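Two complexes, one shared chain (subunit A), two partners (subunit B, subunit C).
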Partner chain A sequence: MLNKTLHISTSPHLTKGITTVDIMKNVVYALLPVAGYAVYAFGWDALFLLATTTLSAVITEHYLCMWSGKPTTVGDWSAVITGLLLGMTLPPAFPLWMAFLGGVIAIGLGKYVFGGLGNNSFNPALVGRAVLQAAFPVAITTWSAAFVSDRFFGVSSSLLAQPFMKPTYDAVSGATPLSAFKFDGVLTGSYELAFGMVGGSTGETSAIVILAGGLYLASRNMLNWRIPVSILSTVYLFSAIFHLINPETYPTASFMMFSGGLMLGAVFMATDMVASPLTPTGVVIYGVLIGLLIVIIRIWGGLPEGVMYAILLANAVSPHIDKITQNRVYGTTKQRQTA
Partner chain B sequence: MLEEKSSIEVFGQVKNTFKHGIHPPEHKDETNSLPIRQFSFAPVVTLPTAQHLGKPSKIIVREGQEVLRGQLLAEADGYMSVPLHAPVTGRVRKIANVPTISGKMVPGIYLESLEGAGQEVIEGEEVSLESSPEEILSGIQHAGIVGLGGAAFPTHVKLKIPDGKHCDTLILNGVECEPFLTTDHRVMLEQSEDIFLGIRYVMKATGAKNVILGIEANKRDAADFLKSKVPVDLPLEVRLVPVKYPQGAEKMLITSLLGVEVPSGGLPIDVNAVVINIATTAEIGRLLPHGRGIQERVITITGPGVKQKGNYLIPIGTPLRYILEEVGVEGTIREVYMGGPMMGVAVSNLDISVTKGTSGVVVFAEKNVTATQPEYPCIRCAACVDACPLSLNPSKLGILAKNESYDLMAEEYNLMDCFECGSCSYVCPSHIPLVQYFRVSKSIVRKRAAKKQPTHA
Partner chain C sequence: MSQLVKDPKEKSFFTTLAESPSTNEFIKGIWKDNPVFVQVLGMCPVLAVTNTAENALAMGFATTFVLVMSNILVSLLRNVIPKEVRIASYILIIATFVTITDYAIQAISVDLHKSLGAFISLIVVNCLILSRAEAFASKNTFIPSVLDALGMGLGFVLALFSLGALRELLGNGSLFGMSIFSDNFQEWIVMILPAGGFFTLALWLLLFNILKERRSHGK
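After this line comes the complex of A and B, so read on.
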């Protein structure tokens, strides 16, 4: 048939076939084992918490779109990532109403006020967590131990705390390895750390599962491997140096590597494409900066953990890193610097 | 993702390539083994006077006049112009506007082929190899030759070495990096004598002492064949370059072969090189000894919508409708591109005819075309940054284009260097029409610059 009207499009007429939605979905797939392990380690608490933050993020995104008269963007799956990541940074027995509020803040304040997907300056999940940390400092640092025997029988009472009421905590609560080290000088073993047999935020406990997810994404070119590699090697090197100087005061490098939110942050948070630099040199600078900030905050800061603030600070300077690390354009001699 | 291995071993030597680039599916196997076949004459050919860059040619025939194949129909209008020859023996039916690929109607000739007429080509005055460079360049212009790779830039202008410059290396472009197209491949396999003679003409015209023919590694047979045929007295080096789009872009090929970069805003002659397409070279070798004009060219007719795919020698001006009727199409056709799918232009209707710059016709049927993907916001995934062969920042440029910051794009982000290869749009997961933004932005910047320039007239 030659009489049909022809479709006109502009070149190129071929595309690689990977879509933004594919990327987002794959990040969710990579996060699912982490979520699964969290549920395995912390029981129903973790399941309810992750479900709450995810739902809250998706619902917020949907209603903000409706409210501003735009077609809903929940179909791009990015809100699911934000929700899952937020839940993973919270303690397992975190009151659900606070978690829900965190999802609203993450999407509303972390993403939507900037203009939605692609425009957020900061990782939205971390914005949500930062606000929760400021608002509920006690709840967000009250940890339950992993692998308690009755974790699949009922949920912690704090989870169902009523809004604006002081939550009551169950008897069993454990310190995180970082706070145990910082405040009590107790060092947790590497095996327990690698397999997440420790207290901590919901999704940050097992380094192995997180790394597997990162490898999956990196192999599909959906995650910039340079970011986690530069963060982790910086943390390793920097803390190894301090450990060498004074093994009594400073923990070993492997303890630093596998404790706290470092793995989750390095693999899934710092790699938020929107909030990280574009250029190959830029992402390395960004990663090194995060690594340095993490060690500095952990060793000298008032907080036991510094991953969140390190990433947020690096997010803030990422446009500037981009500016000073533009690729040298073909046929030009100078590195282009747009100050 | 680990970086692409950026060099390959060729003929025992390691050769470099340019940075970045992409690997679209090649789709060349469908036609690369099919020898060039003569296409039949359409009852009416339509010849726009503007089928090259520069000024349209001036028509010198009148309606009703009978012309012989190869006869001059329109002469060059000044230096930046080339003449037009009759692709078929016939009668000028009409001198009127004809549809072109740009969507514009431009003055042209409807030429009716005479049935039963002998289709011998009339010959003109021979331009010998002993002629001066100027005479050869003028011979090339009189033959109506333009770059056959697709840009249709007048070849005599391209080969003219500006005063104060000199050409060391002549680079022959046998890369053909566009998916689907196999015309250059077949020309290299079937027209070696024309190529070698053409090289001698071009060497004479440019004064080049060395000649390098760059061929993409997926055409090893052509490289081996030509290498085995090179006359002993011809300083021609045949080299394979990695299969990577847009390897065939002039600047990229120079970098791959010579290891230097053409300065931003400059031309190959700024690094003492001249680049010419291999099919254009063959055309020079074929036409100049006989003083003939170009009246046909090899075109790959291909794509999933075509039944009899192949490489055809098609008279210039043959309407697409006629071509597709002859080769047959699968079901209902949906999209037709002239040129390859990366840089080619989609045609709006089949009354458009093939021109000197048409290297291929790629047809997609309704069932081969997927629904247009919705556009998502830029997620700064940096795929475009890692694809751009010029190391531009398409992500940033795209955002600036949306904000209409055209001057900033040109001044700070090297917009005007973009040659619209489309690699950024190809890889973009958000389906942002980056290269289309850049086309529009470039034309706006050019217009603004022209406005600022006081006219001396």
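After this line comes the complex of A and C, so read on.
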């Protein structure tokens, strides 16, 4: 009876009127230009790949909800984001059946096992990619070049590999700027990097478009700007120091900033609202940690790129960061806090 | 469904067998108290040596042998071993049979011995064996102890095989070293890596829990 007149709940009691769905929709709007540029750069391959991962994420979410007897949560758009982000981290000519599997793993293992949106301790898209990287190391490191002249005439044969079968590649694969530098010592120019004129994952190639999406979200307060800023400045600072020490072996800071998945990871993946810390200090620690790990993996690691592992590792420690950066409750002293 | 309902007084041979306590000692290890899927014991070999079906079976049978022999000896000596030093005595008994197994496997196949590596010696500290000695054989007579060990051992073999077969099938496209799919099959490398062990174990646990839940709901 009482419930009809009085609604009893915990704080906060005043809200801004922005729901999860609004935020998720805006993230999708910010991702659409990145997806559009990816299709422009890689042709139909990118379109089919992004469509497959998005569909597979949405279908998996829907069926897992149905299976566990809960109302479907597809309407909150978060599965669409996971699918889009997963597709953007994969090479453009990645076999579609593997991409579909990645979407299932991202939602099933990365999100639903933990209890759905709001409970995932890792970024679901990166969980999907990490499993794909461990399962199919060859396919996920076979890159195709951007702006190939016949990219809008048909699709790569590797894309249409039969389920459970090895893909066949029809073109000699191009290297990414990072692997070209790491294994061949070739440095790609900044102009090519900024406008995505290079090989690489579907959505990571154009830094400018990604930054524009990030600015849009940050201006609407739907993205914690401290995370990308602290990641990017850490990477800039540390790679600049290494470049000053020895310009022969270490690339310039701007090369490190604009190559690989750094922009996409810093703007859209590390900022995952569930898997990142909550306190303002904690968020900066988290960003610095990701930046440091990226530089360490790129410079000393066996892999050319380390954004995915850096973000996953930082996701794992983010609850601990939250715990050590809790604000002191107003009116209490330090002694009483620790006691 | 009506054919299945029988006169409750009339008992077939199988019903009598199924209801006898010694059958229960045997069956419980395979299904109800499966050492891996229900008790989640002995995870070290379960995750480490199940990358092929052959390794999994060898490991399972080696563990079963040690389990049966140590259960026999522990149940026979249960009144002789002082309570204060029982764990040390059990470990000594288990270690004796592990050493026998180690040499036996080396004599049968050096390759197998190499691929199982240190995990044969590590059977000594498999908590499944010690737990059966402590929880069952030290309190029961010879026959139930043997049945218990056989049941638990078979349950362990079954679990290891279901992990090993799935991992080899997906990770290598083969079963017992024989190619199953066409040459063009794309191996899921992750399945034969340690991470694949965890994924596969989780999948089987999920399946087991679904089946168990269905059963308890049906009753």
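Brief remarks on what is shown
One rule holds for everything that comes next: the second predicted complex is superposed on the first by the 317 of 339 C-alpha atoms of A that agree within 3 Å, B and C clash if a C-alpha of one lies under 4 Å from a C-alpha of the other, contacts with A are read in each partner's own complex, and residues count from 1 in each chain.
The criterion applied here is as follows: a residue touches a chain if its C-beta (ideal position, glycine included) is under 8 Å from a C-beta of that chain, and two chains touch if they have at least 3 such contacts.
Not measured: the values here are computed from a predicted model.
Of the two partner chains, subunit B is the only one touched by A:Ile8; subunit C is not. Of the two partner chains placed around the shared chain by superposition, neither subunit B nor subunit C is touched by A:Gly69. Shared-chain residue A:Thr279: touches subunit B; no touch with subunit C.
In the superposition on chain A, A:Gly302 makes contact with neither subunit B nor subunit C. Residue ranges on subunit B touching subunit A, taken from their complex, read 1, 18-19, 22, 24-25, 179, 251, 255, 261-266, 321, 324-325, 329, 331-337, 339, 341-350, 362, 364, 366, 369, 372-373, 376-383, 385-386, 389-393, 395-396, 412-414, 417, 420, 422-423, 425-431, 433, 435-436, 439.
Remark: subunit A residues 1-2, 4, 6-16, 18-23, 76, 116-119, 218, 221-222, 224-225, 273-274, 276, 278-280, 322, 326-332, 336, 338 touch subunit B in the complex. Per the touch definition, subunit C reaches subunit A in the complex via residues 181-182, 184-186, 188-191, 193, 195, 199.
For subunit A in complex with subunit C, the touching residues are 95, 98, 109, 131, 134-137, 139, 161, 164-167.
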